[in-house]
Amino acid sequence: MSLFSNTTVLLSKELRTEFRSRELLTTTVVFILVVLILFSFSISPTTEESREFGPGLLWLAILFAASLMLQPCFLREQSNDTLSSLRLAVSDPFSIFLAKLAANTLFLMVTELIMLPFFAVFYNVPVLPEFSWLTLVLFLGSLGISIAGTALSAISAQARMRELLLPLLLLPLLTPVLVVSATVTVSLFDREPIVKGKGIAFLAVFDVVFLTALWLFGEYLLEE
Amino acid sequence: MSKRIGLGFVATLLVIASAYASFYIAPEERTMGLIQRIFYFHVSCAWAGFTAFFLCFIGNLLYVWKRAQKYDWLGVSGAEVGLAFTTVVLITGPIWAHPVWGIWWTWDARLTSTFVLWLLYVSYLLLRTLVEEPDRRALLSSLFGIFAFIDVPLVFGAIRWWRTQHPQPVIMGGQGSGLDPTMKMVFFFSAFAMHVLMAFLVAERYTLEKMQTETDLLAREVEAQ
Amino acid sequence: MTVTSFTIPPTGLRFENIDKRYGGRYALRRVSFEIEAGECAVLAGRNGSGKTTLLRIAGQIVRPTHGRLSFPGRTAGSDGNSRPGYVGHSTMVYDELTAEENLLLFAKLQKVESPAERAEGLLREVGLFERRTSLVRTFSRGMRQRIAIARALIHRPSVLLLDEPATGLDPLGITWLANSLRELNRAGCTVVMSLHGESEISALATRAVRLDAGNVIADTKTGASLHDILMFGSA
């Protein structure tokens, strides 16, 4: 299937480009760490409080990091006008988006997994017992962030003040992801099964809705 | 033009009438007293604002499909008017909350969601100021408007679910929870009045945008000579 | 450059009443003309006359506001991607990938048969085979032009569009370009390029059209001379 093979080819291009320089990953990991540490300086939580507020701060840090990490997504296609050559080369422009959002989700997850031990230590949260569920929430949340973020970075790349604009567009849009992911993550550390089921289903719905919207409107985002 | 003036006149009359009804026709609510009357205004504005955003959404969809400038005019008008009404909602909410609960903001599900809604459409308007070329501006803001609007139910759903985890005081004690028949009548009349006002404001803003665009076009053609 | 590796089905290029509007300004106004299959056509005009816009429309990168673009003679089911090849102001390849990786990427995306062989073959043809594992970031201006052309040709297009291809090239580069375009044109590829003034490259032209403020103001087909079209308004 053409869409699948084009997406794979483009995804390997995205990964190869990033792993050659690793600039995006390194800066994002460092950024999240700095944000998490700064949060704990300004709030100085007790152990009990850390456990309750930690997940919320974690997801906030992920959102901030993502809104920075997503900036170059379409900007880097502008310097040599490679966006035009990609558009000419692929039969379905959706493959461009799929490849980028897959790459972005992967980068976010790598960042989160690297940062998880630090989070566990600073905020005294037991990440190991519910690790598989935690990974699932991180995945669905990161996927949602990437889908919306990839779409919006295509928009902000065509406007002025794009560095400020992307977070402004993205953060309100991602409120559902922040709220639900944080709540589910808290419940994981408190072991409340009922909460996590509904929350995870909601995140899946968010992902499907925005992926569909991107599929329907993606080609217009790339129009010249 | 006279149709619009007529509409404005009717809208003003209706709003004044509904204000009168809120104060003098609706019975006083048992527990909250006078401050409860702001409910008619607050919820009517919320509904009218939401309808305005829906008009924006329709404009956005039509623009992406047909690429006629008039749909973009509808989009920006719906967004601005919707934002105006939503601002009123966000102000009247705390005005109600303070005498009743002693605090200005309670992170009530609906009000918080409305705040996010407000932020989304502020971003919509901000995006428009940052794209200079008119066709590009129309396309990009329409696409963002579409994403924003489909996000709205998700925002409301997520925040409501979040609040069930941490119950907080609810503004206005839950909408429509046992409204007396007279109250219901006053409410629907207020909602109707606000919608007429909204329609008038959208029409005015639409016309303004249309004239602005046409003037710009003329100015450019003159310059090109 | 040897281009005997493929046969090119002859394809022309037709513009019918093309308009392109940006906001209140028309970059192109009722542009209509046809380039015959196998011609080597030059688009001339001052900066801002609409040459780049017209070429981007021909390359199907930009959609016209009104009007129609067609390719007379293009048969359905012709080899690979039937879009024209486009060489723009930028290289349209990735700086952080090697020459080889770039060509492989575009070959695979466009479903070219035996992509690795095709990429290697093109690299040899444009004289970049020795530098195939170098990042494009390290290339000189002349080399960047060559990789851009290689990318444009990867899918064996029957129409090649070039936007001011001689910009920034040294005399050696210009000679190489002129020879390559001559070979391609001889093999049947329709070449359309925008140029400023007369040069080794403009000497290849069998047809020329001049644009001014988005309108066609002169055409060799209707009697204007190539020299006049290229040098018009430079005095």
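Labels A, B and C are assigned to the chains in the order they are written; within every chain, residues are numbered from 1.
The definition used in the following text is that contacts are C-beta pairs under 8 Å (C-beta built on N, C-alpha and C of every residue); 3 or more make two chains touch, one makes a residue touch a chain.
Every value quoted in this text rests on a predicted model; they were computed, and no experiment measured them.
K.L.:
Setting subunit C aside and leaving every other chain in place, which groups of chains remain linked through touching?
P.N.:
In the absence of subunit C, as far as touching goes, the chains form one piece.
K.L.:
Which chain has the mean of its C-alpha atoms lying nearest to the mean of all protein C-alpha atoms shown?
P.N.:
Chain A is the most central one.
K.L.:
Which chain pair shows the largest tally of C-beta contacts?
P.N.:
Result of the pairwise contact count: A-B comes out on top.
K.L.:
What is the distance, in whole Å, between the centres of subunit B and subunit C, each centre taken as the mean of its C-alpha atoms?
P.N.:
51
K.L.:
I'd like to verify one number: the distance from the centre of subunit A to the centre of subunit C, where each centre is the average of its C-alpha atoms, in whole angstrom.
P.N.:
The mean C-alpha positions of subunit A and subunit C differ by 39 Å.
K.L.:
If you average the CA atoms of subunit A and of subunit B, how far apart do the two points sit, in angstrom?
P.N.:
Roughly 31 Å, centre to centre.
K.L.:
Hey, what residues on subunit C touch two or more of the other chains?
P.N.:
Not one residue in subunit C touches at least two other chains.
K.L.:
Among the residues of subunit A, which are close enough to touch at least two other chains?
P.N.:
223, in rising order.
K.L.:
For subunit A, which residues are in contact with subunit B within the complex?
P.N.:
Of all residues in subunit A, those touching subunit B are 148, 151-152, 155, 158-161, 165, 168-169, 172-173, 175-176, 179-180, 183, 195, 198-199, 202, 205-206, 209-210, 213, 217, 220-221, 223.
K.L.:
Mind pulling up the subunit C residues that touch subunit B in the complex?
P.N.:
Touching subunit B from subunit C are residues 21-25.
K.L.:
Which of the residues in subunit B end up touching subunit A in this complex?
P.N.:
Of all residues in subunit B, those touching subunit A are 64, 116, 119-120, 123, 126-127, 130-132, 136, 139-140, 143-144, 146-148, 150-151, 154-155, 157-159, 161-162, 165.
K.L.:
Looking at the complex, which residues from subunit A come into contact with subunit C?
P.N.:
2, 5-6, 9-10, 13, 16-17, 20-21, 79-82, 84-90, 223-224
K.L.:
In the complex formed with subunit A, which residues of subunit C make contact?
P.N.:
56, 59-63, 81, 83, 86, 88-97, 101, 105-106, 108-111, 151
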